[in-house]
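Following: one structure in structure tokens, then a few remarks.
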Amino acid sequence: MARNNDMRWFPGFSVTTLLCLFLLYAPLIIVAVYSFNDSKSITNWGGFSLRWYADVFWGVEAPRFRAAAINSFIIAISAAITSTIIATMAATAMLRAGRFRGKTFSFALINLPLMVPEIVTAVASLIFFSAIGFTTGILTILIAHIVFCIPFAYLPIAARMQGIDDLYEQAAMDLYATRLQTFRLILLPLMAPGIISGFLLAFIISLDDFIITNFVKGAGIETLPTAIFGSVKQGIKPNIMAISTLLLAVSVVFVTLSWLVGRIGQKQQQTATNGGE
Amino acid sequence: MGNTRESMKEVAVDIVNLTKCYGDFTALSDVSLDIRDNEFFTLLGPSGCGKTTLLRTVAGFENVTEGAILLYGEDIANLPPNKRPVNTVFQQYALFPHMDVMQNVLFGLLRLGQDAASARARVGEVLEMVQLGGFAHRLPGQLSGGQQQRVALARALAPNPKVLLLDEPLSALDLKLRQAVRLELQQLQRDTGITFIFVTHDQEEALTMSDRIAVIAEGRVQQVGTARDIYEAPINKFVADFIGETNLIMVQVLGLADGNATCLLPGGGKCTCPAAQGAIAGEGHISVRPERVGFAEPDAGVMSGQVARLVYLGTDMHVDVTLVDGETITVRTQNSTGSYIPPVGENVGLTFEQGAARLLVD
Amino acid sequence: MVAGIENNNSSNTSTYAGLGSLLILPTWLVIGFFLVLPVLMMLVYSFLTKEFRGGVIWEFSLAAYDQFFFDRGLFGDEPPKIEWTYIIIFWRSIWLAAVATFLCLLVGFPTAWFIATRSGPNKSLWLFLITIPYWVNLLIRTISMKFLIRDTGPLNEWLLAAGVIPEPIHMINTNFAVQLGLFYSYLPFMVLPIYAAVERYNFAYSEAAADLYAGRWATLRKIILPIVKPGIIAGCILVFVPSLGAFLAPDLLGGAKNFMIGSLIEEQFKGNAGNWPFGAAAAMILLSMVLIVLTFYARQQMKQGKR
């Protein structure tokens, strides 16, 4: 085949892509592999073992990690639910409510958490909570997480809503549905893939956050990232690699789920649009 | 306008001085129409003329800037779409993709508070009506375009609306299917006795299906009448030109009397023809359909010219004749052995059949 | 479906007209109260007097900004000289972020292009592979990098074992490590927006250019790059802005000597320095720099929109 006649092809681009993927994955894969290393000196391979995973669950640091994991999941689930609800309402306002006062400003506001550098948000939150005398703890972490999860939940929800022709809602209204019924029976089910994607991404973002959490967490309260960071300060021990690998797996599972849900949504949309042709 | 015949029937939809603006843009300007009970009424016009906007104001999707919409005497202009007893068949059908055919057709009935059992019975009835009895549990994505169109129709008919609005429902179908569905739609309208308001840009669709047609351009109603009225007695240049083919000839109107005009044609010939209501003396245009122009000896007709071009159309032949002033008149003759077709370069005279020419409002 | 898209764009879609303000209210409350207000308070704090070991005294003071820009000697009574310490930290951060952005672009553009030109399910899979690192915990990714390049890490061990190097290369706690860390952290942020732009690019333009005697690289320079420029700019901002305020890469890979803005700020609140007004001032200066970049971007966008 005369591949060189294809104007999409550029020499070296495929190699660069492979290099890019290699760079992105190599450190992660190496850590994952070494987390199964049965050796105290963590660089020398001493055979396959699950001892460091056992250490994570039953070792000296286990109670600390367990408490941190519970905090992390409680915060991530609560932040994801809350921000998904807020983002769904916001998307409905931005895309389905015509014009209203402050619409342009609202758009900027939704995206603001993405634009302010994390360290600045962290500092500002710490100052705010201490100024109003709010005791730092799990609630402050949750509030801070809800704020920066909103834009992440908003993106897939709004993208999905934009893809849904408002004709369906008009048809429902034409068939005597009230606005609430239209929302519940038409828009919500059609938006479901976007809402699920938004929820999953918000969950991951909350679970992963380190900098802001580190600033607003109270004394003695840890989430998984801050606990891991605390341990790493004393050097990378094998149990850190095991717990990192576990978190990595959680991220991969969630992103995969989000991706699959998105694909189902896309297919639905395609059949709805091109159906019967 | 076209309302010369007195109607015995009640007015179903009365649109009174309706104006619709989007900011500076006027989509509809002072539109008045009365659509009668049990009528197949068509809004015909080029794209962007405001016909769909007009339909959507009746459905309730667009707010009215000024004017009123009366449905059997009741003003509905300020009601939301879910409070109006009218239903719409959308151009792209808008079948809810996450619901099967049954759920789609049930939707309106359940919103109206009908109990499930009788609603289901009604759905069965309507699906039979559109010949989709066996498709109740298919999803819209699993249906062909023609079937989706029928489901959309069934869904809109199920609540037994007072008026059914159809927004170019055939435009997404291919040509053959479109022609078949036309007849079915017309039959359905007769059978159900529901008033249909049908929007299209396709003049053939409009002429073959409608009881009456409103021709719309630039947000205004140009003419309302039966298919024959509109084709044979167009009121202005737009209608004459938009519906079918025509020759528009610039003339001097010498006199107007009893609805007839005496016109001075290019080249000095004269003709007397019916004048559209509102036509005035002075400079004007007459419309003559190509199939109603005939040939004569040079100088024997009302006009004369030279044959410039022959266009073969299968059953017919177009003969383009250049007049002395440079204008071109098209003559349409049948391609049969009996008809005379002059060769290119021949000098010919042209005659108009009785009543063929018509003076228009400019 | 054209009608629907048009409706969405012209914001004519108004099934819930009149409810807009009500539906947006939670967003306003949450972000307004817990982000906008805190940032304003941070601004106020940067003009207050520091309390020893954290916190503030409610007295107006320019001390924080003064400390940032001027050196008045050990006892604060000498004539002010320019204080270079913090300016150098900021300058190094800008430089590291800029180089990271350039490197990400160098690798990211070909990758985005390559993925966007795949067909069918392949494309989806490639895209998925790029997306995963984007969502993986940044802390874990940085730790992995640290593990890999340590003096006794796998990279050095393998190179030694293979006989490529006689002794371990010292990479950790160097500027190089920070640079590598930033590049590695934000590479996916470059690929995705460029991918989105290339995906919308109509390849008929390339064919038209080729038809008009443009070579491959001329087409890239004259046609493709100008058209996908918005995506490239978006990608650069998504890499540059977080790199500028990065904390994890300099902290874990750079050690004590290779400070960036993020570490400087963190030290004022969590570390030993305990100077809140100074930390707030540094954060304000960082935020201002980011806002300048974003304003530049917004103006670019508007120019694009006008075209």
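When the chains are written out, they are named A, B and C in that same order, and each has its own residue count from 1.
Keep in mind that, in the parts below, a contact is a pair of C-beta atoms (placed from the backbone, for glycine too) under 8 Å apart; a residue touches a chain by one contact, two chains touch by 3 or more.
Keep in mind the model is a prediction, meaning the values are calculated, not measured.
*Asks:* Go through A-B and A-C and name the pair with more C-beta contacts between its chains.
*Replies:* Of A-B and A-C, more C-beta pairs in contact link A-C.
*Asks:* Relative to the centroid of every protein C-alpha atom displayed, which chain's own C-alpha centroid is closest?
*Replies:* The chain sitting closest to the overall C-alpha centre is A.
*Asks:* Compute the distance, rounded to whole Å, between the mean C-alpha positions of subunit B and subunit C.
*Replies:* 59
*Asks:* Taking the mean of the CA coordinates per chain, how far is subunit A from subunit B in Å?
*Replies:* The answer is 55 Å.
*Asks:* Centroid of subunit A to centroid of subunit C, CA atoms only: how many Å?
*Replies:* 18
*Asks:* Two or more other chains in contact with one residue: find those residues in subunit A.
*Replies:* 165, 167, 170, 173
*Asks:* Which residues does subunit C have that touch at least 2 chains other than itself?
*Replies:* In subunit C, 1, 3-4 touch at least two other chains.
*Asks:* Enumerate the residues of subunit B that touch no fewer than two other chains.
*Replies:* Residues 92 of subunit B each touch two or more of the other chains.
*Asks:* Can you list the subunit A residues touching subunit B in their complex?
*Replies:* So the residues of subunit A in touch with subunit B come to 165, 167-168, 170-178, 181, 185-186, 189-190, 268-269, 271-272, 275-277.
*Asks:* Provide the residue numbers of subunit C that touch subunit A in the complex, in ascending order.
*Replies:* So the residues of subunit C touching subunit A come out as 1, 3-4, 7-8, 11-24, 26-28, 30-32, 34-39, 41-42, 45, 55, 107-108, 110-111, 113-115, 117, 124, 126, 128-133, 135-141, 143-148, 150, 152-154, 157, 184, 187-188, 191, 203, 206-207, 209-210, 216, 219-220, 241-242, 244-245, 247-248, 252, 261-262, 265-266, 269-270, 276, 279-280, 283, 286-287, 290, 294.
*Asks:* If you look only at subunit A, which of its residues touch subunit C in the complex?
*Replies:* Where subunit A meets subunit C, its residues are 7-10, 12-14, 16-17, 19-21, 23-28, 30-31, 34, 43-44, 85-87, 89-90, 92-103, 106, 109-110, 112-113, 115-121, 123-128, 130-131, 143-144, 146-147, 150, 162, 165-167, 169-170, 173, 179, 182-183, 187, 201, 204, 207-208, 210-211, 214-215, 225, 228-229, 232, 236, 240-241, 244, 247-248, 251-252, 254-256, 259, 263, 273.
*Asks:* Can you list the subunit B residues touching subunit A in their complex?
*Replies:* For this pair, the touching residues of subunit B are 59-61, 80-83, 86-88, 90, 92, 94-98, 107-108, 111-112, 139-148, 155-156, 159.
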